[in-house]
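Below are the structure tokens for one structure; questions will follow.
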Amino acid sequence: MPYVKIELTREGVSREQKQTLISGITNLITEVLDKDPKLTHIVIQEIELDDWGYAGEQVSVLREKGITANKQQ
Amino acid sequence: MPYVKIELTREGVSREQKQTLISGITNLITEVLDKDPKLTHIVIQEIELDDWGYAGEQVSVLREKGITANKQQ
Amino acid sequence: MPYVKIELTREGVSREQKQTLISGITNLITEVLDKDPKLTHIVIQEIELDDWGYAGEQVSVLREKGITANKQQ
Amino acid sequence: MPYVKIELTREGVSREQKQTLISGITNLITEVLDKDPKLTHIVIQEIELDDWGYAGEQVSVLREKGITANKQQ
Amino acid sequence: MPYVKIELTREGVSREQKQTLISGITNLITEVLDKDPKLTHIVIQEIELDDWGYAGEQVSVLREKGITANKQQ
Amino acid sequence: MPYVKIELTREGVSREQKQTLISGITNLITEVLDKDPKLTHIVIQEIELDDWGYAGEQVSVLREKGITANKQQ
């Protein structure tokens, strides 16, 4: 009986990216825990940049300063 | 001190249906647990169909295939 | 696709009371929203009294002062 | 590793008020728990008044009756 | 800025299985969304079987009846 | 109507520290948003170190490697 909630800043995640997350996490849980996928629910919630705080600052402010969350090369 | 969160796919739930859920659940908790209703908060969150995954697929895709969540007759 | 989370202070809720909450809320959602009960998951989480704050005070402190959450007669 | 979620009724909270909450809570956690602010994430979620139930009623209904959540003088 | 919460029934998930979930989901999010893994937090919460309701019944009752959540062969 | 959830790794947070967080956050919300503290609920949830993943690793593993979440001097 798994339930998964994913909270993300709203920064242009596409429908296809959401589907990839949903199928990938469901497959991982099915394999690792041997859970029936019909008992696995995944909810994605996108959060406005004014509504996410990191290190004491709104992400919208961090983005205005040019600070991103991208994977560093 | 109860707090209840209800997450639902966004599929046309009316204001009256929400009120029925809120009053029904508050009454149930008041009766079963003898809790003061003034200490009972209920939050409903509707989730877009692209953002809910079930059995590894977006609910929007399931609905396009004609698969509903309705009670089976 | 409903998911319901119930957070309660840990104050002696019995297995039977939990079952009554689970069946009552599932029935209410099934009736009001016409949802298949097999798509309805309900999670109960009991919270220690030191870990719940109300009006700026720990519930454990409120209980020591004789303040309860019981329905007022 | 703190994560904080704040759920509020959507009643005109400004960007500046959100920033004050984010910086104030991050500072408090940093001081009280000695946590690195770069490990502290805070998410604010505003809830429509039809979607928040208090004492068995939608907040939208309470507001129509003139009942507010303001601090009492 | 992703935060992921995984709720599971408490049925013997090992430390290694948890690590596999954490690394697998973090890698998936890093690849699909190009997010810095240092901004990705994942929280696993195991739920007692009396505290999870499915289709109106406690999972503990379903397990006593021999109904499992295992992937069907 | 604010509800706040604080998730923390379980690393020896004392009852007094929890009370300081609860009163501090309630006061902040009362001041910034002019909310009645009797409508403000705060829930603290401590998470085992095996159950929190950061940057793809369990916090228990990070701690074994000597990596802490303490504020850097």
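List of remarks:
Letters are used for the chains, namely A, B, C, D, E and F, taken in the order the chains are written, and counting of residues starts over at 1 for each.
Assume a residue touches a chain if its C-beta (ideal position, glycine included) is under 8 Å from a C-beta of that chain, and two chains touch if they have at least 3 such contacts.
The model shown is predicted, which means the values in this text are computed figures rather than measured ones.
Separation of chain A from chain C in touch steps, taking the shortest path, is 1.
For the pair chain A and chain D, the distance between mean C-alpha positions equals 22 Å.
Work out the mean CA point of chain D and of chain F, and you get 15 Å between them.
Each chain gets a centre from the mean of its Cα atoms; for chain B and chain F, those two points are 28 Å apart. In chain D, 1, 3, 7, 21, 25, 30, 37, 41, 43, 47, 52, 54 are the positions where the chain touches two or more neighbouring chains simultaneously. Taken as a graph of touching chains, this assembly fits none of the simple shapes: it is neither a line, a ring, a star nor a complete graph. Across the interface of their complex, chain B is touched by residues 1-9, 13, 17, 20-21, 24-25, 28-30, 32-37, 39, 47, 52, 54, 59, 69-72 of chain C.
For chain F in complex with chain B, the residues that touch the partner chain are 1, 3, 41, 43. Listed in rising order, the residues of chain B touching chain D in the complex are 15, 18-19, 21-23, 25-27, 30, 37-38, 40-46. Across the complex, chain E is touched by residues 7, 45, 47, 50-58, 60-61 of chain F.
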